[in-house]
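Got a structure for you, questions after.
Lettered A, B, C and D in written order, each chain numbered from 1.
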Amino acid sequence: MAHIHLQDGALPLSALLLWWATAVILLLVCIWLVRRRRTTDPAVITIAAFCTAAAFAVFQVSLPVFGGVHINLTPLIGILTGPFIGGIVVLIVNLLSAAIGHGGYGMIGANLILNIVEVTVSYLVFRVLARLTSSVFTRAAVATVVGLVAGNLVMIGIIVVSGVQGVTLGLAGMIQGLSLIAAVNLGVAVIEALVTGFIVDRIARARPDLVRGAS
Amino acid sequence: MSPSHAGPCSHHTGPVGRDEIIHVDCASHRYPDGSLGIHQMCFSVRRGEIVALCGSNGSGKSTLIEHLNGLLTPACGRVVVNGNEVGAGDCTDLWKTVGVVFQRSEDQLFAPTVLDDVMFGLRNLGFSPEEARERAQKTLDLLGAGDIAAKMPNYLSGGQRRLAAIAGVLAMRPDVIALDEPTSDLDPRHTAIIEEVVRSIRERDGISVVLATHDLDLAARLADRVCIIHNGSIIAEGTPREVFHDEEALRNAGLAPPLVVTLYRDLCRQGLAKPGVFPVTPDELAAQISGMSHDPSAPGNVVAGTEAEYRTGTGR
Amino acid sequence: MSPSHAGPCSHHTGPVGRDEIIHVDCASHRYPDGSLGIHQMCFSVRRGEIVALCGSNGSGKSTLIEHLNGLLTPACGRVVVNGNEVGAGDCTDLWKTVGVVFQRSEDQLFAPTVLDDVMFGLRNLGFSPEEARERAQKTLDLLGAGDIAAKMPNYLSGGQRRLAAIAGVLAMRPDVIALDEPTSDLDPRHTAIIEEVVRSIRERDGISVVLATHDLDLAARLADRVCIIHNGSIIAEGTPREVFHDEEALRNAGLAPPLVVTLYRDLCRQGLAKPGVFPVTPDELAAQISGMSHDPSAPGNVVAGTEAEYRTGTGR
Amino acid sequence: MPGTALSSHVPDPDLISYLAERNTSWFSRASPWTKAGVLVWLVVAVTVIPSLLVTGLLLSVVIALYASCGLPVRRLAGWCVMPVVFVVSLVILMIWSVPGAVLFSLPFPGGPVSLTTGGLSLLFLLVGKALVTVIYSLTFIMTTPMAELSAFVSRALPSPADQIFLLAYRFLFVTLATLAAMLTAIRARGGLVSGVVSQTRLMAEVFGLLFIRSFERSERVMKAMQSRGYRHDLIAATPVTWPGPGGIAVLAIACCALGAAVASGAAGGAGI
């Protein structure tokens, strides 16, 4: 849920360009690494594509708890595909989301930065936890919470650095307001962690080959 | 009942019959993208009968089925189930009366194990976990699938999946079970098992069955009544004997007559079978050909062996 | 060729026949999860023939097909295609020789439009985009599906999807096309179209066809040779006439004999048909029954009407 | 085809592509490059223009464009709900104590906060800006046939992102239909059991199953690609037209106008 739900027109142009440039560099690194590691392996392409389609489909459903929560499963993408392919997957999910009005086009740059952080952090935490616990559910849930908290910190950083246009709130006031949002997001993160934990657990039981180090 | 080519809908409009558990009255439904679902559809299901809905792909069979348990509501016309009109407030419990087994059973099994899945509907009905578990296991046993209870749906074969999906609906003891293309991707052995299950659902449990299929041979073997559906309306209705010998209706609906009917027609043309008897199963046809030395009204005696073969699933 | 119950594999081991384009020699494959794919499988395809692989779900049909174009390699035994042994370095181009149309055609159409999809294999063969486009369009036209070229696969009916998938393989002009359950989810009208396409692939293009199916009626209508496959091995092989009257082999494989065969057997028992003729299509059976007044070796004359009906797809 | 709408507030991709396939309006004949150019221009414009009046003007132009293409106006209102909620949920915290005439004040521990006309116009401005690009984006995708759109996007992205996009886009509809079928099957057996934990758990089961289904499908697609000699990239051969003289002229004029507006705005303050 740590999508920056800022639509177009909220951030100043200089900030948009800064975040876009950063995101493009991160993406090029992802693409370069994917290309270098496996050049024409259709498995990489197809699995990434179906993760994208499934993640986007899930993003369209509102959970029937707390009046309808949408989850966007970036930590799950990280856990299943790793950080590099995950970066490409979140790019496409963001493009598709912007096309139907969920998040502005200009915001894709900023969203990508924090999504790549979420994907990478969740992936690493999930891998590292394998040494501490054998419970796939726990690993996935903790990885999700840590990933989403990291994403939230990045989000606050991005908004504070950019400043919302026309808002005259001081830095302290801005951070106060954003902390409130972060708190709400944290609540949602707990739900998303449970859901992700269940999903990864389910996948690991049905298809252990798909979750690295599941058994 | 004589074969009736349903004309304008008003012919059917009227009070709900006494033994009718489902009464669809001139219902129409169009999808948001403009494609036709059903159009002035009149259809009914009586207690304890097996009705086959026969039509080609896209003729409206599945749309009709989704109307029967309230997944869709008709844009005009009405659907009356157990005396309650769908969409009139009372119908939120429709899923208790009409159970649906969808065409793709793999999308229907969402719980981690088969037993959990069969328990799902029972828990929604208010059973305690223990009662639900017991009843779910009993239903699976009845279908001869007790051994798959603990399995994950992913690891089931197509036929087992179908049985699990049927168990999930049957456990809830609805008054009607609708099966959408229950045998479309199964081999003859599994088809025979599903056939036997459908028969037992009706005979042992007294549940009405609605069977959507494009396999007319299957319909001929199972159904008491057949409805030919085309472009969202029923264009012919009657017993298999009546409908499957109605060449024109089948041709209009884009369906091929069962093989038995084709053969019978050839044989009549050559004077080897008596016209006007209309066999629909191989047994009846064989009895026909073996001719007039046997009593054609008792075909079971003539080919008892074949019939037995059918029941055990070695025959088709 | 007489029906042969394949015994130990060594019976078949030997040099590749001169007109054999595919020669599978005692090949075995087991999946990582321990389930059996094929076991001591011996199988061959000759130039220009239609071979039907008949078996129940899970008998090993699909596994064998995936061996034919190198998606799988046998753990032991060998697969020789066009004189080259699979897995011996030369087989990377196997996909050019053997085209596979998979059971789920929707998963085989992965490009944005049908034309893009048919072009995919051609581009991989080294055709320029222009040549590929022209050839793809021509193939679609040949199959009578030229009008769906610009469509998205999502919006195709089941039958159109199957045609598009066949076009994608046919455009590449392989020597063999393998079709896995090509009609399992199609209604009779679309089944008839696919049947006609299979005939024309062989007759017009001279391409051998391997047809995996559990529909023995379909196999009886199309195949020159039938292999009954069970538990990963071929347990009977011969012409449809020979194999489909081999009750024991069919029973072992869990298959039901075609309806025509069942009827014929009943009629023989009653002395209404001559034993030892073994009809496999309704035409032949009708000719049989109409008896000895017609020449049984020319069944086409007797029931030309029925045959014509079949071709146009109104019959099944 | 049965619709796969999962919510009236989320545009249904099935309906969008259905409308796109059949749209024959004047705008559907424009080059995707022109349409994309306009999109970029709009994103920049709403970013740099601080004027409520200009934003309102842009919004009316975009709505007029949407309507003139014969697209469903009533559905648009439902689709705009989520973007508005997104904007409001963030900005609601930041519109207090903005300079301007005070409308009302609320007591607050650190001193009262007040809503002013300035704060209210800020809210309208940000909502308006958001809707400009949302509505234009929907117009864009609903007037461009899917084959052309995917060919366009695949040319704009580097490999393998283009490959992943093409496949994901192709199978998005299938995945959504699978998800809808699962949710239908749940409704057919009485819907969701009450209780937050069991509901969350059930939805997780469904999502997990969706991912497993997707993996199985990806394996079948991979086999199909390999068996046709996967080597050349998956391509979208549908031709993508280049901008015509009209399109180039529109873009050029729009850029000049924006440049002039920004220059005058920078010189003369924040405009109206």
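We take it that a residue touches a chain if its C-beta (ideal position, glycine included) is under 8 Å from a C-beta of that chain, and two chains touch if they have at least 3 such contacts.
This structure is a prediction, so every number in the text was calculated from the model and none was measured.
Across C-D and A-D, the chain pair carrying more C-beta contacts is A-D. Note on chain placement: the centre of chain C and the centre of chain D lie 47 Å apart, centres being C-alpha means. Averaging C-alpha coordinates per chain places the centre of chain A 18 Å away from that of chain D. Centroid to centroid, with C-alpha atoms defining each point, chain B and chain D lie 43 Å apart. Annotation for chain D: residues touching 2 or more other chains are 1, 166-167, 169, 171, 174, 178, 205, 209, 212, 217, 221, 225-226, 230-231, 234. Residue numbers of chain C whose C-beta contacts span two or more other chains: none are found.
Each of the following residues of chain A touches two or more other chains: 202, 206-207.
Here the chains touching each other pair up as A-B, A-D, B-C, B-D, C-D.
Put simply, chain B touches chain D in their complex at residues 31-35, 37, 62-63, 66, 69, 71, 95-96, 99-100, 102, 104, 106-108, 110-112, 120-121, 123-125, 154, 168-169, 172. The touching residues of chain C, counted against chain B in their complex, run 56-58, 157-159, 181, 184-190, 192, 214, 217, 251, 254-260, 262-263, 266-267, 270, 272, 282, 285-286, 289-291, 302-303, 305-306, 314-316.
By the touch criterion given at the top, residues 1-3, 5, 12, 14-15, 18, 178, 181-182, 184-191, 193, 202, 205-206, 209, 212-213 of chain D touch chain B in their complex. Chain contact summary for the complex, chain A toward chain D: residues 5-13, 16, 27-28, 31, 34-35, 40, 42-54, 56-58, 60-66, 73, 76, 80, 88-89, 91-92, 95-96, 98-106, 164-169, 174, 177, 180-181, 191, 194-203, 206-207, 210. Within the complex formed with chain B, the chain A residues making contact are 202, 205-207.
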